[in-house]
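Chain IDs A, B, C and D follow the sequence of writing; residue 1 opens each chain.
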Amino acid sequence: MAKKALNVGLVGYGFMGRTHSNAFLQAPRFFDLPYQPVLKAVCARNADRVKGFAENWGYQSIETDWRALVQRSDIDLIDIASPNDTHAEIAVAAAKAGKMVLCEKPLGRTAAEGKTMVDAVESAKSPNMVWYNYRRVPALALLKDLLEEGRFGRIFHYRSQFLQDWTISEDLPQGGEGLWRLDSSVAGSGVTGDLLAHNIDMALWLNGSLTEVAAMTETFIKERKHSLTNKVEPVGIDDASSFIGRFQNGSMALFEATRYARGHKALFTLEINGERASARWDLHDLHRLEFFDHRDESRLRGWKSIHITDGDHPYMKQWWVPGLQIGYEHTFIHQVADFLQAVGEKREAAPTFKEGLAVDYVTDAVLKSAKTKQWETIPLV
Amino acid sequence: MAKKALNVGLVGYGFMGRTHSNAFLQAPRFFDLPYQPVLKAVCARNADRVKGFAENWGYQSIETDWRALVQRSDIDLIDIASPNDTHAEIAVAAAKAGKMVLCEKPLGRTAAEGKTMVDAVESAKSPNMVWYNYRRVPALALLKDLLEEGRFGRIFHYRSQFLQDWTISEDLPQGGEGLWRLDSSVAGSGVTGDLLAHNIDMALWLNGSLTEVAAMTETFIKERKHSLTNKVEPVGIDDASSFIGRFQNGSMALFEATRYARGHKALFTLEINGERASARWDLHDLHRLEFFDHRDESRLRGWKSIHITDGDHPYMKQWWVPGLQIGYEHTFIHQVADFLQAVGEKREAAPTFKEGLAVDYVTDAVLKSAKTKQWETIPLV
Amino acid sequence: MAKKALNVGLVGYGFMGRTHSNAFLQAPRFFDLPYQPVLKAVCARNADRVKGFAENWGYQSIETDWRALVQRSDIDLIDIASPNDTHAEIAVAAAKAGKMVLCEKPLGRTAAEGKTMVDAVESAKSPNMVWYNYRRVPALALLKDLLEEGRFGRIFHYRSQFLQDWTISEDLPQGGEGLWRLDSSVAGSGVTGDLLAHNIDMALWLNGSLTEVAAMTETFIKERKHSLTNKVEPVGIDDASSFIGRFQNGSMALFEATRYARGHKALFTLEINGERASARWDLHDLHRLEFFDHRDESRLRGWKSIHITDGDHPYMKQWWVPGLQIGYEHTFIHQVADFLQAVGEKREAAPTFKEGLAVDYVTDAVLKSAKTKQWETIPLV
Amino acid sequence: MAKKALNVGLVGYGFMGRTHSNAFLQAPRFFDLPYQPVLKAVCARNADRVKGFAENWGYQSIETDWRALVQRSDIDLIDIASPNDTHAEIAVAAAKAGKMVLCEKPLGRTAAEGKTMVDAVESAKSPNMVWYNYRRVPALALLKDLLEEGRFGRIFHYRSQFLQDWTISEDLPQGGEGLWRLDSSVAGSGVTGDLLAHNIDMALWLNGSLTEVAAMTETFIKERKHSLTNKVEPVGIDDASSFIGRFQNGSMALFEATRYARGHKALFTLEINGERASARWDLHDLHRLEFFDHRDESRLRGWKSIHITDGDHPYMKQWWVPGLQIGYEHTFIHQVADFLQAVGEKREAAPTFKEGLAVDYVTDAVLKSAKTKQWETIPLV
């Protein structure tokens, strides 16, 4: 039986443009899906470079103006993988044009931006999804299952970090194509929106709503040359961000993201401590889940390292054989697979824009608390 | 050459009474010291039990009233290993009586108490020391050396945890000999004074003063039967305590202590991230130091696990051969050795009461911030 | 510039058919290659199933007789991913037909078979390669570089294991499509050819020739039902295989492969100890290399865990950003990329059939020694 | 109640003299024992140095001739901690003199020597024990319990290593007080008797008798200056030793000991794979046991790291609180405690001389097989 084609129009050809393109190509080879994604068009301002990208990944056509892309009748889905300052405008236009909309995280640079995007897709009834890809790490999907089965009992603590070290050098400029994440006007914020947002989305999914936070941020290097102006300019982003807080379920929150933790490349960690069980995970060994079960026989209790590569682990039946790990890009492949399944079944695909907005509310509160030095409450979505 | 005897009078025969007694006996067998500690007397209220303790450890006599002990002319040093509510009174009396004074941590239940103790030993010019024993973990003594050699450059982050899980059961009572740590009137506070104080002392030693904190505490189980009254009573202690803060050197602080982290028995951890190097350590494998050196050749950079058992590692030449680990009690043995060396050389032995008071100022601020929900500044000692 | 097409004809659609197909599709998206592989045809006996496989992976046509495939003029390269008993016949025919030939490991069921294959590709001057895919693990490619740079000095020890546990149940049958690896007539041997061959190829590459071995094998479960005959039949394969031996460079060998090591899924390990450095690696965390450098400052020596995800690590510049791991299938992608590069530059692509034959000589000697209970010498290729 | 005194006469004041002395002093402080060891006398040839040793450890007297010590009527127990070439003569004399006899491992330099020692203690009915101290590692005592409870089912594999790196330098001399382990006339053999003997004793205890072995040894550095003659002389010891073999229970053996494994200080490892469970342990983190239980729920199976510091772990109730590790010397303390308990109950204390002899038979067979290049069978004791 031939699958229905689903025509994709991608905006952006950076790091995320690559992960998404790969996911659209790989998902149907490993998962049995109701739709076959077709790489119809890719859009970016630099015509030469977008052409090279299209050739490499097999896009059938190119655009250099996203407005044109959004209006094309042969496009079913707009996938936004361009810098944060473009998310809201493109997403709103795409929804209005009747497209499905996928958007890289964070949803908006602020919750205000995010809210316009939620309103747009809800008005248009557009299938939508935010690329918080780590929900599709098999180890974390398993953890979600374990939590839902009630194995942890009352939750006491949830803590999470995202530690990097790539911006420690003072010589690194800010802004421009490769470094827009350091330019606050484009990125919206620094590590709070770029890294901490991942920690928060994961936490909301696994442990429910956050109700209040007390936060601090720091910009360790105050001035950097700007790639576009070639002048030394003040740095507007936060280099590091941390907070204490409370979840609605009564558990305590401890969060931190930084690009100044020497020795850590992309160390996204999380740990959850419940009455009867605890678990922890980190991105540097994403194929493992550490699990502690208090119901084990007393003298044999310990932290178990589960190698998440078996056929009864989430997503893994589709891959290789036990013991053979998958990698980072597979999280995007799984997300495409889940999205297409959901579309086929006329269900929402998580995380929806609305869930992305919930993250924006938390990051807004974090940034505000860091300024006011007060506890800030989080609006519920 | 015969060593000079130094007559010890110990107050308290609990867990800490055992670690101290063992340390006094072992130190001179493994270290070349100017004094030979003599276990002259041990004091506690229960005469039968203190007699058994004295026999086991070889104390020459017993007392049941610490006031009597403090006045004995054959005692050179009073070692306070009794519950927190007795520290100040005994220490002040001992100093007045012209004794050297060692005191279990925390120094006082509050900084106010601690201040009276500092004043007393300073007035009396009594050699004094607080048993923040973890400073004598060889791995951490090495870390201190590495920091002083300037290998880390500018420090960006310091984080530390103390995670336990032994009070999760609601059936555990509070108060009494074995469980006075759960009785706020005796202990002063919960994990803040019991566990977090260790994290803080270590941080002040390794990374310098903390200037301000925003904290939260939680008491997960609000009522417990009291062992002495046999009635269910409100729990006054904090079960968990966490804070964000700033060090004087500009680095960010992230601290947490809890007795509700299922799966962790005594997981004291710390990590420090500097411009050129990072290090981390934890108590569950106290004989290892994890070290990352950014000056390593780029493609060979990684976290190194150093097995701290070599002759050129602090304290280790006195023990066995490379590869053979020491344990928890050795930290106390090292502390006795260092104290006796310092006394022999008429130097202060760290951590002094004054350093213990600095910790009390931080724990006071943590507890206050948790109540006020405001940032609190830390007085410098 | 349009790349030259290179038409692939695949034989076999099992586990290895999938890894190879994926590699041909992915390699040109991530590497800049002189050829574009085209999935021209796939061949297997079951027409229905091969059709499904062709649809899934995008093969343009199917065959059910490999002889027909080998004779097709639109095929440039025959890739043999069918069971071991077919390797020699297909490879020889493909070489005679003037095709490039890739062959799954082990090359032959015996060195005698392997020798006919080497002769065939050498007579025909066919580009050829054996799929010992683990040579393309970035961590191991880095280790190879470090060895060639002379960082290890004189080598004393090389040890390697391949531990699995999937055949422990007595209820598992032998033979048939999914379980031909348990049928000695098809597989040639058990773990010796299936697993130990990987250990040996890696060792010969990293540490040079093996000169002599003393081995033992064991068949723990002596009878199993055969999937094809449905009768209980003697098990002809070795369930476990181990040997001690010597390398030409004077170092000692210690090798082991088994499918009866409960708790290990696919734990391929290796460790090499040299005068000045040591390294170890395992497949369960294939993106890490453990490295010990004796030239480090004495008190800071330790095993370093290098997260092989940086741009200056072999192959990794083509993938994501530091900290983001790749997985198992990437080894095949790298091997395709290297092969196509080599073809473009008219070089041999390692491991050649001749190198595959060298492994066969060792596995033959291992199996012989296990029977004779004598030390056996290894012929040099 | 006053304990009975048990007067100890120690021979040797080296590394093992220290561990034994410490054990005699510490055991009664932490364990409730029927005897109080009294350090009556220590004996060694160098009068000055033995005097210093006696002062440090509190021995009441010294001897410089072990024959005199053995004849003293105030000595109940002779503890042999002198080099291997003295074990047999002293032990036989001590038994004849009616003393209890403890002997450092290996029992004899050869099984022939060991046999005379067994005969002597059995004739004299002397309580006896060999200091294979690692049987008293709490993690391994727990493993022994788990095996005896039948949790592992049929055993398939047992492997064990002892890896060191301290003799790699060619400049290290052989022989003399500190380096007699490198002098074959004193030590009997190299790593086979010094290190591999530990692996073997542990294996025989945990997994039963070995029936046959095929072994190899190597002397990497063929000549070294001798400390006593000051001349370069051939090295008679084995620098590395490895073997494959079979246990009586049908499981396969893989063993290795070396002093040329760069990066490993004293890495004694073992792993056992059974039908239903597996376990592994190593000396560098001796307070942990890794355990895999196949009966765990399928998707939650993994290797568990058990921190052996709880009150229900062997020996640990006598020490501190959960989470606080013990070290190397505690194994000797436990062995003294067990020995005194056994004496009090008129039971044998394992490992007896007879068990020590069983190890000697295996090391003899290993050394013989390495010479003959044949499989050698092991006599049962």
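Please note the rule applied: contacts are C-beta pairs under 8 Å (C-beta built on N, C-alpha and C of every residue); 3 or more make two chains touch, one makes a residue touch a chain.
Which chain is which protein? Per UniProt: A, B, C, D = Myo-inositol 2-dehydrogenase/D-chiro-inositol 1-dehydrogenase.
Values in this document were obtained by computation on a predicted structure and should not be read as measured data.
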- Just grab the chain with the largest centre-to-centre distance to chain D, centres being mean Cα coordinates. A
- Between chain pairs A-D and B-D, which one is joined by a greater number of C-beta pairs in contact? B-D
- Message: Can you work out the whole-Å distance between the CA centroids of chain C and chain D?
- Response: 42
- Find the geometric centre of each of chain A and chain D from their Cα atoms only, then give the gap between the two centres in Å, rounded to an integer. 55
- Note on the structure: Whole-Å distance, C-alpha centre of chain B to that of chain D, is 36
- Item | Overlap residues in chain A, where contacts from two or more other chains coincide | 264, 301, 303, 307, 310
- Which bits of chain C are touching chain A when the two form their complex? 15, 19, 22, 25, 29, 56-57, 164, 166, 264-267, 283-287, 307, 309-310, 319-330
- Query: Tell me, which parts of chain C touch chain B in their complex?
  - Reply: 142, 289, 291, 293, 296, 298-307, 310, 312-313
- Item | chain B - residues contacting chain A, complex | 156-157, 159, 165, 168, 214-216, 218, 220, 240, 242-246, 250, 252, 254, 256, 258, 260-264, 273-278, 292, 294, 301, 303, 373-375
